[in-house]
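Starting off with a structure, shown below.
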Amino acid sequence: MSKVIEIQEAIDKIKDGDVIMVGGFLACGTPLKIIDALVESGKKDLTLICNDTSYVDRGVGKMVVAKQFKKIIASHVGTNRETGNQMNSGETEVVLVPQGTLAEQVRAGGSGLGGVLTRTGIGTLVQEGKQMVEIDGVEWILEKPLRADVALLYGTKVDKSGNIYYEGSTQNFNILMAAAADTVIVEAEEIVEVGELNPNIVRTPGIFVSYIVQGDVL
Amino acid sequence: MDKNQIQDFVAKRVAAELKDGDLVNLGIGLPTRVANFVADDINVTFQSENGFVGLGPAPDDSCIDMRIVTAGGTPSSILPGGMFFDSSTSFSIIRGGHLDMTVLGALQVDEKGNLANYMIPGKMVPGMGGAMDLVAGAKQVVIAMEHTQKGNPKILKEVNLPITGVGVVDLIVTEMGVMKVTEEGLVLTEINPEFTVEQVQEATEAKLIIADDLKEMV
Amino acid sequence: MDKNQIQDFVAKRVAAELKDGDLVNLGIGLPTRVANFVADDINVTFQSENGFVGLGPAPDDSCIDMRIVTAGGTPSSILPGGMFFDSSTSFSIIRGGHLDMTVLGALQVDEKGNLANYMIPGKMVPGMGGAMDLVAGAKQVVIAMEHTQKGNPKILKEVNLPITGVGVVDLIVTEMGVMKVTEEGLVLTEINPEFTVEQVQEATEAKLIIADDLKEMV
Amino acid sequence: MSKVIEIQEAIDKIKDGDVIMVGGFLACGTPLKIIDALVESGKKDLTLICNDTSYVDRGVGKMVVAKQFKKIIASHVGTNRETGNQMNSGETEVVLVPQGTLAEQVRAGGSGLGGVLTRTGIGTLVQEGKQMVEIDGVEWILEKPLRADVALLYGTKVDKSGNIYYEGSTQNFNILMAAAADTVIVEAEEIVEVGELNPNIVRTPGIFVSYIVQGDVL
């Protein structure tokens, strides 16, 4: 049973207003072909959960320019001036989250945990409005789990059942987001047969993956 | 010194803080240059928060692998003995106290060790990226920067921009000198012989305590 | 039926609950046998909480790899499309709601779906292992066991041994019948034709509600 | 700089009264040679954190028989009758923890997190005496992070800087414990030179590992 679909079928899984998670770090490890097709599609009112908003001409940065997001949750938006503009004008809601916290929130969302207890952001704007938990006299910020309707991931080699092997610094949020969305679509640099991947080096289990799209080779 | 010389001068001095076996995360910009000045007789490992330890030098154009980039998004390489991981592992390392040192830039830093380096409200909103986790988790936080911004002090009595971390800074290195954050305030321990103590104080809003054994910064 | 036949009979009936694409965790003992009765025309993946998906059959003596064992510690194998992971990933899968079903044994189970299967105070203290996470996280919890223990009912009005999970059980399958846990109590939906309804009720402390369309268990 | 030491040097790192974490699941992925030497050494009053207490004649089970533990934290002790005996007689304190919770507690200990928020164990003995956290109307058990003085791990292939690659179901708790102890000793089936391991398939970064011991081939 192969999970491979055409890119247009993948786009059809995403509805206006959906919350989407997109893997990648400054577009490294981002499913670029799916994102380009998503720009083309004109889907709107989306909420983005992603490490950053990339550049104006690459990855999710193009979607920012195309104003497809009503809300963006990210750790860093400084490489895309358009995000800052939309944030300052109030056109797009931008929630800045410390990167390690964002990673744990996504992990918690996929792992059935109630939240994340971290010291990161204590005494900063990040703490504002958040529930605090005192443990043995120390205060911790409670950060809530994050989940999405659709996760869009990258994989270096993906077998037809969805097992993913990553090369280089492309793992980043992909591994975490795979568990935290109702529908998970991975763009593969290379699609291989089931059984071709060494089970000791797969990092994302195929059981998390709904669909696979053939991507371009980086 | 021109801007380039200043940055190398600061980076070189920061590098002198490194010890054999240290695991270090360098921020983008000036801090990145610290890697160029590590003493030959020590072994220092650099962590890149986007997903690896063993950060190597930028590759030649002929051998760029788009799957291996720095946290700044530029092509990178991995040294023998390095490895790649996902963002949750990366921040387990950072937040979990496994980093010996992080070197970061600053918009403002104050005499209590408070740091502001991730946004100027309404103007520049890059986001904190990994910085809030880095200052929360690294054993030693070193600020490496130019002493002033367009002639205005960046080392203040109290930061007035949104804070990245409360009381987190251990050491400040600029082209004018080296300042240690102590209970009593900022102690100038080294001075660039091109400047007088008065000049350094004039460029600094916080009151400097001059170390009894004030040394030359080289 | 002898003990062996009883176990196979129960395991076979549980297997009929499985659907194509299901991800399932089987407890040790009787539940393990469920894998032997999966219909040929469906694809079911078994998870082993000690660290993999794609649990295969026990290997021949000639090809035992001491690095691949079941959660019961016996030599095992991995099927094509399977992969290995660590314990935190394993329980992210379990607790995170990614398991369609877990099949477990029980010391006691009651009409409210409470389960006791990890200790008899002062006597037998195996520990809960992964059972508490499994019942907390799996979408469906099926108890597969012999109906009585030395003639004594195991299906009670209220469990009196330490509880593994509160109100977690969905379905109970024994050699006497199939019982569904509902708001109203335990509904006997299928009965082994070797027994009468009276005999089943006699062997059960909890009051059974007999389904209007009570079927034969085959 | 090689981290390889003789087994006796490894044993010397462990003091009477230490808290030790030991990787493995029913001895699969346990550093068996180190444990055997530890039995030989007669170290005592240790606290064990391990998934289980294995068998009387294998892995940490032998240490239980030799009465080297004053306290045992594990998810399952049923395969070693001696643990149950010592628990019931009050000779050894045994704390039973759900397996997924134990994994997260160790992970939290190595990741700078304040604790784990889980629904596993709600309404059971596990909840007793624990701090509860209410989040949006739902109650979660707060489980505290675990750390150790020494972690004793297994690796299939380990390079001389401590990077670990695992095969089969040996990852289990090894990966988590590597980050959660002051001293980390790994027993390698095979020790290789730095640079010999593909950085994409290493699972435990060498930065966590203090020492390496040559083990036997499984």
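For clarity, chains are labelled A, B, C and D in written order, and residue numbers in each chain start from 1.
By our rule, a contact is a pair of C-beta atoms (placed from the backbone, for glycine too) under 8 Å apart; a residue touches a chain by one contact, two chains touch by 3 or more.
Source: prediction; values computed, not measured.
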Study note, to complete from the structure: Cα centre of chain C to Cα centre of chain D, whole Å, reads 29
Point to revise | chain B and chain D: spacing of chain centres that average the CA atoms, whole Å | key: 35
Check your understanding: Once you find the CA centre of chain B and the CA centre of chain C, what distance in Å lies between them?
Key -> 55
Check your understanding: Which residue numbers or ranges of chain A touch two or more of the other chains?
Key -> 104, 107, 112-113, 118-119, 166-168, 200
Study note, to complete from the structure: Contacts with two or more other chains occur in chain B at residues 52, 78, 84-85, 88, 91, 94-95, 136-137
Exercise for review: Please categorise the chain-chain contact pattern as a line, ring, star, complete graph or other.
Suggested key: other
Study note, to complete from the structure: Chains touch in the following pairs A-B, A-C, A-D, B-D, C-D
Practice item. Write out the stretch or stretches of chain B touching chain D in their complex. Key: 21, 23, 43, 45, 47, 52-54, 78, 80-85, 88-89, 91-98, 136-137
Check your understanding: For the complex, which residues does chain D have touching chain B?
Key -> 1, 107, 110-113, 159, 161, 163, 179, 194-195, 197, 199-200, 202, 205-208
**Study point:** Complex contact set, residues of chain D against chain C
**Key:** 25-29, 51-52, 55, 74-79, 84, 87-88, 94, 96, 98-104, 107, 118-126, 156, 166-176, 203, 218
Check your understanding: Which residues of chain B touch chain A in their complex?
Key -> 48-52, 65-69, 71-73, 76, 78, 84-88, 90-91, 94-95, 118-119, 122-133, 136-137, 162-166
Point to revise | chain A-touching residues of chain D, taken from the complex the two chains share | key: 104, 112-119, 131, 133, 135, 138, 140, 142, 144, 165-168, 200-201
